[in-house]
Amino acid sequence: MKCHNRIDLRPSRRAVLSGAATAGAALLAAPFIARAQAAEIPIGVLLPFTGSQGAYGPDMRKAAEITTKLINDAGGILGGRSFKLFFEDDESSPTAGLAATKKLLEIHKCQAVIGIWGSPIAMAIKNVLIQANTCMMVSGAANAITDGDTKGLVWRYQAKATDWGPGMAKAMLSRGWKRVSILAQQNPFVIPMIEPAKKVFEAAGGQVVDSVVYNPDQPSYRAEVQRIFGASNPPEAVMCLGLLTDFVSIVREVVRNGYKSKVMALSIAADAEGKFIQAVGPDVAEGIEHFQPSPPLGSPTYARFQKLMGADENALFLFAGNTHDQVCTLALAMEKTKSTDSPVFTKAIREVCNPPGEVVGDVVEALKKVRAGSKIAFAGAGSDCDFDERGDQLNRHFGHFRIEKGKQVLVQVIKGPEGTL
Amino acid sequence: MIAQVVLNGFITGMIIALPAIALTLTYGILKFPNFAIGAMLTAGAYLAFICNSILQLPLLLSAAIAAVGLAATVVIVDRLVFSPLRERTTITLLVASMGVSFVLENMARFAFGNSARSFEAPIVRSMHIMGLRINFEQIVTAATALAGMLAVYVILRHTPLGRAMRAVADNPALAAVRGIDRERIVRWMWVIVGVLTAAAGVLAGLDRAIDPLLGWNYVVTVFAAAILGGLGNPLGAVLGALTLGVVEETSTLVIPPNYRQVVSFFAIAILLLLRPQGLLGTVRVKK
Amino acid sequence: MTAYLVTILILVCIAIILGLALNLQWGLCGMVNFGMAGFFALGAYAAALVALSGAGTLAGIVVAALICAATCGATALVSLRLSDEYLAILTLGFGEVIRLVTLSESWLTGGSLGLPGIPRPLWGWVSEQNYELLFLALLVVVVLALFLVLEVLIRSPFGRAVRAVREDDTVASTLGKNVTMLRVKAFAVGGAIIGIAGAFHAYYLTYVDPSQFSAIITAYTFMAVIAGGRGSNKGLLFGAATIMCLIEGSRFLKDIVQVLDATQLASIRLILIGLGLILFLIYRPQGFLLEYRLRSSSLLARSSLNGATRMHDFKQEAS
Amino acid sequence: MLHIENVGKSFGALTVLRGINLEAAAGRITGIIGPNGAGKSTLLNVVGGLFPNDTGRILLDGTDVTPLPMHERARCGLVRTFQISRELGELTVLENLMLARQAQTGEAVLGALLRPGSVAREERAAVLEAKGLLDNVGLWRLADQSARALSGGQKKLLELSRALMLKPKIILLDEPAAGVSPPMRLEISKVIRGLCQDGMTFVIVEHDMDMIASLCDQVYVMAEGKNLTSGTFGEVVADDRVVRAYLGGVA
């Protein structure tokens, strides 16, 4: 005795299963059809395109692409080999970032993985890359990324999180703001800034009135804004440590309530490659100040980079410049060592970046000089590109800006901690 | 300070009340909790954003177009998704609404990316009345929400459509016997849901920034409000929303603000333990 | 290539374990769990903390399973008098609470920085290059063991009673079944399995942080269970594998389709997943495979050990 | 066997039962009749434990079962069927029956996992027992069908067999003839009578007077939530008050 509907199901079930299997197989087989040429050097670029950090990926992608084109058009490296970039979306999720990294390593045989914006993603894939002896260039700020034995493979193109806080505090003190409050998003690269910033304020005789940490993705931030800005004796200024979406909500709330405290934010929120002004309009943005590890403003490399990106001289690229530098230093170090092997070429990164040597910003020219055997100190579009022995950047510039009439006006440049080179 | 916080909570509650009414109407008539309510709210906000920022129409007109557009959208969604599943279990419909939520939210993401957007409406500074800061947008919010609630009340109580809706909600079999076309009622219900949700989307977009996660951030609270009021009861939904708004905001005076969202969860957990039918719900006897 | 496949398979295995849990809770017992991601996080953090304290990875798995079982059981108990849709919102809210706690209580969870350096089971047994293969093997053994345990449970009188509760809890009560206990037990066992999945996730990534446990995990798990066939564990294996193939496969899609940017591709991917979910519900509500049902012949065949003649009689009557 | 004392029940302002008394003798079939709205089904629900009673108590074989929840009353041997059949549709006919067996080792998670031998033994015993019951009502050939696929009458028989599988002391039948074809009614009556001859006790709520007349030793008449009268079927139909109650109910 058999159940009838069970028999009826069989052919269609098989069809569904085999259909799914074929689709899966086709998808898995696809890369081999479109396989890269042997002479090309595959480089993985892991960036956020979706999820909560999705807004930050596209500019970095563009920077990586134009820089690569620059190098390849000039004849590439190692006697005519060119870079081939493979982009992957980390979906703002460490798990997805890990799977993507494996794909970059195993399917595309990438010689280095660069980009890597979010700190949690960097943390999740760090071990994999170290184990695979592959160079990793990150834009994330969390100190822990360069902790531990990295075999010299992990390089940070960003200031450490603990360096941001004191810099920002100094910038605020220089504006004469001594009574301040802190409003921060619960976020791995923001949280480590708070304590060092407080110390700097206290050392300078200032006072941190109140500090509130809020969660990302809340329907409203009214209660937090009310508590910080609407305090009975409001602070002179508020250090707003958040990202774009929440900062937009916060500023609207502040402006609409007519709170008088000044706002000092991270450029990642208050500029965000122009998206902040686009979102709130110039009137609301007027007078907001922001601060962040900045590109070497006014340097020829940065000016050229702005042009390459199709932007005017006011454009502030906070992460795209770092991606540009990552591609450049990869090319220089590979050319220097004549090797695409990570453990070999990473040894030369400090050699081509740190002084002493002739300061060169144009990567094509720098490549020529390296080939000619001269000692150079590459200076990038994201920073001067000097590294300590842990792979952390030294001599970072921090830019302090004010938004005036919808434009970024540079207030001052603050130097980050100098290390022994 | 406390008065200000209570006022803020009240306004937040007003924004939540509109989708909560929509949710409770759907539940009353179709007997399933519509998880897509958040994504519908997002869709409403983006529709208004298209009219306002891209086509440069005034915000009020944009909101009206968004309301019509979203009403049409949800009627189509019902036709394609929920109507084939009409006779299936609550949970099937609930999971299907999760699918709808995915589709709507990501259509917005596809078209506009992840960045925050805002309406082209100047931010007006707040007024001070009796020591309270009241801003223009709060007045707009309160007025819109009250108008929406009043409209729903009038429709449900004083129109043939409303009577038919209540009949279908109370006893679908009896309503069918009396010659009420259930599908027509369901269509009108979705129209009301669309209009209310679009209005809430515009208000939420004015209150903060518009991004693909806009509505999702409200989902738990909207559900909490509707459940608190007793699912299926529009007046209860309003009360639930106002209660939650005020409780969430005032809770920040005693607990860390980042735990604010937990408050609504505990509110429903405790209420459901004491009164499983919600604040205004009636006991449903299983026969 | 192999290492990438190993990674995908490990992620598939973890997805399968989550699916098995949901299949027990929702497929078999009809209790919807929208807080999967929250319980998963709870398991991962519990295992991570235990393993980091030096108590060993096995202890981590056990503690994760126990904690998740206890919280799931308590949730089921709280929702005792509530209908399904209330349980849905209650579990969803619970997931939110877990997320907020992992974010805010940094003294315990590291806050948004997370917990790095989580030890791995059987570390050092093989070379580092082969470790992931060993991890996969271990995970496959765990999946098989859980699969067998659940198959035994589903086919047992317990499974029957749980299905009866799903169909009609009043009838189950009138037949002497303690509906409360059955629901609590089924939900708790499901919770224990989610805890195990969380532990392996934490061990595989060696790092946990709140951003890993977004609500999308819940959506994927429901998708896997629905595609596989609610109630069928074998179907689930296909379901979870298909979903992961689609999710990871779309990475390759983007290597071919160059027109759209990554954000748009990712949103298309999620749109497709949403559509797939809806289409499955409408056109193939039973999924790939059907849930287990007792066949009279299977039991009677076994009872033939007792006496061949009786067997013969039954067969005649049965035909 | 079953002793109902002064049982009252209200839903909010609506009082449905006002002090019902009833005595069902062992090995007999006791009928409950009355016009619509008399509270018959509510009485069964209260006795079965679906709703708690407000007043009075319920004794089974001298034991007070009033404080016990539904499933424990079932374990005491009190089982009921429903007016509209409530088969477990996704379970097979056989599974519906096997479910009702009490004290199964395999119903505990650990029992199912750790004592496969006992479970298998019990399952074999259960299937044989179920086969006996299903043979008795002619449903064995449908054992592997979904219960949902059965006809209305077959569902009633399934419910009855399922109740028997529990090895109850008493079975409360809620309108066993409702929605069932006339030949099937006779079949159901025959099965009930046969079971009674084997010593089973029944309480039947029914509108089909032929069935009540042919089966019941003792008939209780309820109206407006109260006992109206009781006696043999002949006695109660001769009672003017009963006739008036029915007419009133109809009007």
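Residue numbering begins at 1 within each chain, and the chains themselves are lettered A, B, C and D in the order written.
Everything below uses one rule, namely that a contact is a pair of C-beta atoms (placed from the backbone, for glycine too) under 8 Å apart; a residue touches a chain by one contact, two chains touch by 3 or more.
What you see is a predicted model; the values in this text were computed from it and never measured.
When chain centres are set by their Cα atoms, the one at the greatest distance from chain D is A. Each chain gets a centre from its C-alpha atoms; the one nearest the centre of all protein C-alpha atoms is C. For this pair, chain C with chain D, the centres built from the Cα atoms lie 40 Å apart. Rounded to a whole number, the gap between the C-alpha centres of chain A and chain C is 35 angstrom.
Each chain gets a centre from the mean of its Cα atoms; for chain B and chain D, those two points are 46 Å apart. For this pair, chain B with chain C, the centres built from the Cα atoms lie 32 Å apart.
Within chain C, residues 100, 103-104, 170, 263, 266-267, 293, 296-297, 318 each touch two or more of the remaining chains. Contact of a single residue of chain D with at least two other chains is seen at positions 141, 144. Each of the following residues of chain B touches two or more other chains: 109, 113-114, 256, 258, 261. By the touch criterion given at the top, residues 48-50, 69-72, 74-75, 79-80, 82, 86, 88-92, 94-95, 98-102, 104-109, 111-113, 116, 119-120, 122-124, 127-128, 131, 135, 140-141, 143-144, 162, 166 of chain D touch chain C in their complex. Chain C contributes residues 149, 152-153, 156-161, 163-164, 166-168, 170-179, 185, 189, 291, 293-297, 299-300, 302-303, 306, 314, 317-318 to its touches with chain D in the complex.
The touching residues of chain A, counted against chain B in their complex, run 50-52, 54-55, 58, 186, 212-215, 217-224, 226-227, 230, 232, 244-245, 248-249, 252, 255-258, 272, 275, 278-281, 283-284.
Chain C makes touch with chain A in their complex at residues 1-5, 7-8, 11, 100, 103-104, 106, 111-114, 116-117, 128-129, 201, 205-207, 209, 211-212, 214, 216, 238, 241-242, 245-246, 248-256, 261-263, 265-267, 284, 286, 288-290, 293, 296-297, 318-319. Chain A makes touch with chain C in their complex at residues 1, 3, 6, 9, 13, 16-17, 20, 23-24, 27-28, 30-31, 34, 47, 49-52, 54, 57-58, 61, 86-89, 91-95, 98-100, 102-103, 105-107, 118-120, 123-124, 127, 131, 142, 144, 148, 186-188, 191-192, 213, 215.
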